[in-house]
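Paired with chain B in one complex and with chain C in the other, chain A is shared by the two complexes that follow.
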Partner chain A sequence: MEKSRLAYFKKRLMVVTFLAPALIVLFIVVFYPIIYAVYRSFFNWSLLSVDQSTFIGLQNYITALNTPAFLESMRVTLLYSAGTTVPSIALGFALALVLNKVKKGKAIIRSMLLIPMMMAPVVVGLTWRVFFFDSYFGIINYVLSLVGISGPSWLSQGPTAVFAIIILSIWVWFPFSLLVLEAALSKLPKPPFEAAVIDGATPWQCFWKITIPMLQSPLIFVFLLRITTDFRNFDIVHVMTMGGPGRATQLMSLYTFFQGMRAYRLGYANALGVIMMIVLGIICFVIVRFVFKEKHSDKSQGGGLWADEQ
Partner chain B sequence: MGGRTVTKKTREKHAMMLRYVILTGAAFVAVFPYFWIFLSSIKPPGEMMSIPPKVIFTPTAENYTAILGHGFLEALQNSLFLSIVSASIGVSLSCMAAYGLTRFKFRGRETLSFSFFAIRFVPFITLLLPLYTIMGSLGLLNSMFGLIVAYQLSHIPWMTWLMRSFFLEIPFTYEDAGMVDGLTRWGVFFRIAVPMVAPAIGSALLLGIIFAWNQYFIPLILGGFDTSPLTVGLYRYVGGDESPMLFGRLAAWGTLTVTPVILLSIVVRKHLVRAFAGSDV
Partner chain C sequence: MIRKPGIIVYIIATVIAFVFLWPVLYTIFSSLKTMSELRAAVPTFLPQEWTFEHFFDIWDRGSWRRGNLARYIYNTFYVAVLSTLLAVLINTMSGYALAKFRFKGDTVILLIILATIMLPLEVIMVPISRVIRFFRIYNTHWALIIPPAATPAGIFLMRQFLLKIPDDLIECARIDGASEWRIFLTIIVPNAKPAIATIAIFSFMWRWNDYIWPLIAISDSNLYTLQLHISTFGGEYRTNWANMLATSTISMIPMLIVFLIFQRQFVQGTVETGMKG
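Up next, the complex of A and B:
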């Protein structure tokens, strides 16, 4: 009895030694900062007077919800996420369907299509700002001028600036959906398609009735990852427009960054960070719930993200 | 009958041609900006911004030599150090954690595994603002050590999830045999489990290096002048509002920043899907 107890204890200790290093680091860089951010969000606290911080309860949150700049950043973020997520998945998926059908040169074409995603977002943002979107020297306006259109000065007007960051983000992120969905496509079993063709189904019907249902898990998974990436995006927009002109492209992460690191309103900025986390958490929760529901309704579709969860 | 198969064949041939046209077009759109940045980096300053754009010119290395004197080498050193060291540490910790999550049964195991995955969805800014204050009070701002620790917030979640999916694939039997032969748990881990997932570890390491190399947000907030990697260095050099129009320098710096990653990504292509998705989708 004593011996088995000791063995049990030793086994427990073993689990801890394997998991502890990663968990300790995660505690330092993730869990503690979250607790700290929540705590600080209840204070009126500025980096300009670090020693003076007064407890103000939920005032920072109330302020945020009454600040036009914040509400506008939320609107811009939602617009940007909606404008980027779905088109980037659609484009990636369409190309995955085409790529899946070819054999020769597949590997090299795939490698080339992945390049936008592999380039550092900062380099992408800065170079596109100058070499592509510049109103005088930019390639885009040059190409437009060839067909007789005089292009706008993209980044100095609100609507075109939003359009520009959306187009660029689609360009950067379509490879992600392409990569994941192409892998999923290549693993689909052949028999259902063959049977459908024998029964006289058109390719269009095959796509909607077989491909889409069978790819449900990967599609939802891609959607989850894409929308969360867009929602908290910072790099590209920060270097390309700095949130401008005015506040036209000021995403929530940029607004939070400016409030914290430029205006030094740390208590307020931490509250903004917490709001972002909560909103993103709700988005994830809704999507994951949806995934689990799908999963339960049809277990045979297996594979995918949740394959090894009971 | 014969006629029908011929038309079917030609139709299939046309469809295949159309597919290649689409893919070539897409590949051109994907690659052109990289090509254009490189081309701009070797253009003489006078022809940089001429309209219509010049494609034929005498190449010059001027931009490349110019950036050397503006912190490029220091930033390159920082990038190399930060990405290699942070990814190595990340892979080691994640490998151990993933092993613990797959080889031991304990209460809350699935929840814990899922938490590793869920951390990926926390916005960086939510963590970086408090980290700025916390690290500031510890004197770790603008230090390599602080940055390497902070980089783990982007490494450990996906790396653990990825390694977990690999460990789940290899059968326990070899490890059980090792235990019977008298190896300790650590012996089994290092001599049996780790070698079996070695290729996956290699891919995770290379991908970790790529992600860390491209990292911008973390060093922008927690780093400083001496610890800037290539990304932040480039922004400081040409991106600020007061910076002059150093288009050629931007192109040269950009080319040197993205080229190694593009080459590396070809090496790790096989595992790219799993790493990006965090599991085998």
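Up next, the complex of A and C:
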């Protein structure tokens, strides 16, 4: 009796010891900052003013919602997220269907696809800025000039700059959807398809009635990971356009960064961060609930849901 | 009944693969071109005249006002290696605890950890920069090593992997009187090697390529990592275009080597947990 209780406590102690390092770091770096950000977002807190800690209630939020620059950044962020997430998944899915048919050399192709993702965002942003979108050196304008079109200077006009960051992000990220969906496709059981073909189903019907429903979980997984990444994207855009020209590509993450880390309006920047979290939460909720009509999927499980089913 | 893949499928696949490889190769080859060739109106893929002048240029301290490239390489290695070691250790430990011990609140802890995968660092950068200052590690490499070490995706990957190790193996060792640490080090760690490799590779890549952490945590240019350093070319890339390309090439080489060796783990890790920077 004594011995087993001792063993029990020893085991308990081990669990705590094993979990502690990671949990302490996560607490300090993630959980505490969130709570602190929410708390401080109700204060007038700026490094540049004497008054550092007046409680001002929702004033920071009201200010944000009345600031054109913020509303603009929200609009750009939504446009950019939708413009990147949806095409990159669609493209990834389409090519996953192609790659799934390839038998030899699949491993090499898969590895190559990962290259954009393993390259440093700084390098990607800068090289694309020079190689592709530069009005003088850029390949895109060179190709356009071959067919007699004088290309725009991509990064110095609002609409083309947004287009440029979207194209670049699709290039970086669609392999992710491709790989995950291809892995899921290759694990699908054959019999339903064979039965459907015998019953005279067209490939198109097979795709919509069998493939899509069976890929529900990986699709949710890909969608959530993609939208959360795009919505908060920072590095590539920061390097490539710095949010410019003007505010044309100033995503919410960049706006928050400039307000908090450059203008030192800390309380205000915290409120911006909280708004970002809320908007992202709503988007994820809507996707899981209404787009996929999944009743019990918990978005927090992310890959978990999917990986458990393998 | 399933149609054989036609030649078209292979052509498409090859084109896709080339589209991805091309920018990397183009960056590397361009860094070996002469300045006049870089400025040429008609771009070529391979250099007409191969030159290493830009590499000598960025290596030579005297001609290069920004500082010492060797120092940035060293900084980046130092941060990436230490952070990776730490990440492997603490992620393996907590993954083991979550996989092999039943205790109150274990699922809650797992869910909370997973929820943070979704959480954008960018959203909480202000409080994080305060936390870093509070612990007096602002403007030190520790701010790049410790905070990003506990990666939710890594913990999750490890847990999933360790679930497959039979409980009997651990139970037998316990009955034989092995201490918990001994079990961890002699049974769990050797069996978890593939998962450890995946975590190590991804962690190294993230720290090597990281931009936002150094941007928030480092202000002294002597402590810059390669990526921060490369980003300083951003403001004046036309004049320093060649140097930017050469430095980028140097920063890509270690990652390419790691990647070529561990391609399989890269694909596996990405597919299984959505591991991403």
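Quick note on the criterion: the second predicted complex is superposed on the first by the 269 of 310 C-alpha atoms of A that agree within 3 Å, B and C clash if a C-alpha of one lies under 4 Å from a C-alpha of the other, contacts with A are read in each partner's own complex, and residues count from 1 in each chain.
Rule of thumb we're sticking to: a residue touches a chain if its C-beta (ideal position, glycine included) is under 8 Å from a C-beta of that chain, and two chains touch if they have at least 3 such contacts.
Quick caveat: nothing in here was measured; it's all calculated off a predicted structure.
*Asks:* Could you tell me whether chain B and chain C fit or clash when both sit on chain A in the superposition?
*Replies:* They clash.
*Asks:* Using the superposition on chain A described above, determine whether A:246 touches chain B (first), chain C (second), both, or neither.
*Replies:* neither
*Asks:* By the touch definition at the top of the document, which applies to A:213: first (chain B), second (chain C), both, or neither?
*Replies:* neither
*Asks:* Does the superposition put A:194 against chain B (first), chain C (second), both, or neither?
*Replies:* second
*Asks:* Would you tell me the residues on chain A in contact with chain B in one complex that are also in contact with chain C in the other?
*Replies:* 11-12, 14-15, 18-19, 21-23, 25-26, 28-30, 32-34, 36-37, 40, 95, 98-99, 101-102, 105, 107, 109-116, 118-124, 126-128, 130-131, 137, 139, 142, 171, 175-176, 179-180, 183, 221, 225, 228, 231-232, 234-235, 239, 242, 253, 256-257, 260-261, 266, 269-270, 273-274, 276-277, 280, 284, 303-304, 307
*Asks:* Contact residues on chain C for chain A in the complex?
*Replies:* 1-2, 5, 9-10, 12-14, 16-17, 19-21, 23-24, 26-27, 30, 38-39, 41-43, 89-91, 93-94, 96-98, 101, 103, 109-131, 135, 146-150, 152-153, 155-156, 160, 180, 184, 205, 208-209, 211-212, 215-216, 226-228, 230-231, 233-234, 237, 241, 244-245, 248, 251-252, 255, 259, 263-264, 266-267, 270-274, 276-277
*Asks:* Going by the contact rule set out above, which residues of chain A touch chain C in the complex?
*Replies:* These residues of chain A touch chain C: 10-12, 14-15, 17-19, 21-23, 25-26, 28-34, 36-37, 40, 95, 98-99, 101-103, 105, 107-131, 137, 139, 142, 171, 175-176, 179-180, 183, 193-194, 197-198, 221-222, 224-225, 228-229, 231-232, 234-235, 238-239, 242, 253, 256-257, 260-261, 266, 269-270, 273-274, 276-277, 280, 284, 298-304, 307.
*Asks:* Please output the residues of chain B touching chain A within their complex, sorted ascending.
*Replies:* Within the complex, chain B touches chain A at residues 16, 19-20, 22-24, 26-27, 29-31, 33-34, 36-37, 40, 48-49, 51-53, 92-94, 96-97, 99-101, 104, 106, 110, 112, 114, 116, 118-127, 129-134, 149-150, 152-153, 156-157, 160, 165, 168, 185, 189, 210, 213-214, 216-217, 221, 230-232, 234-235, 238-239, 241, 247, 250-251, 253-254, 257-258, 261-262, 265-266, 269, 272-273, 276-281.
*Asks:* Mind listing the chain A positions that touch chain B in their complex?
*Replies:* 11-12, 14-15, 18-19, 21-23, 25-26, 28-30, 32-34, 36-37, 40, 95, 98-99, 101-102, 105, 107, 109-116, 118-124, 126-128, 130-132, 136-137, 139, 142, 171, 175-176, 179-180, 183-184, 217-218, 221, 225, 228, 231-232, 234-235, 239, 242, 253, 256-257, 260-261, 266, 269-270, 273-274, 276-277, 280-281, 284, 303-305, 307-310
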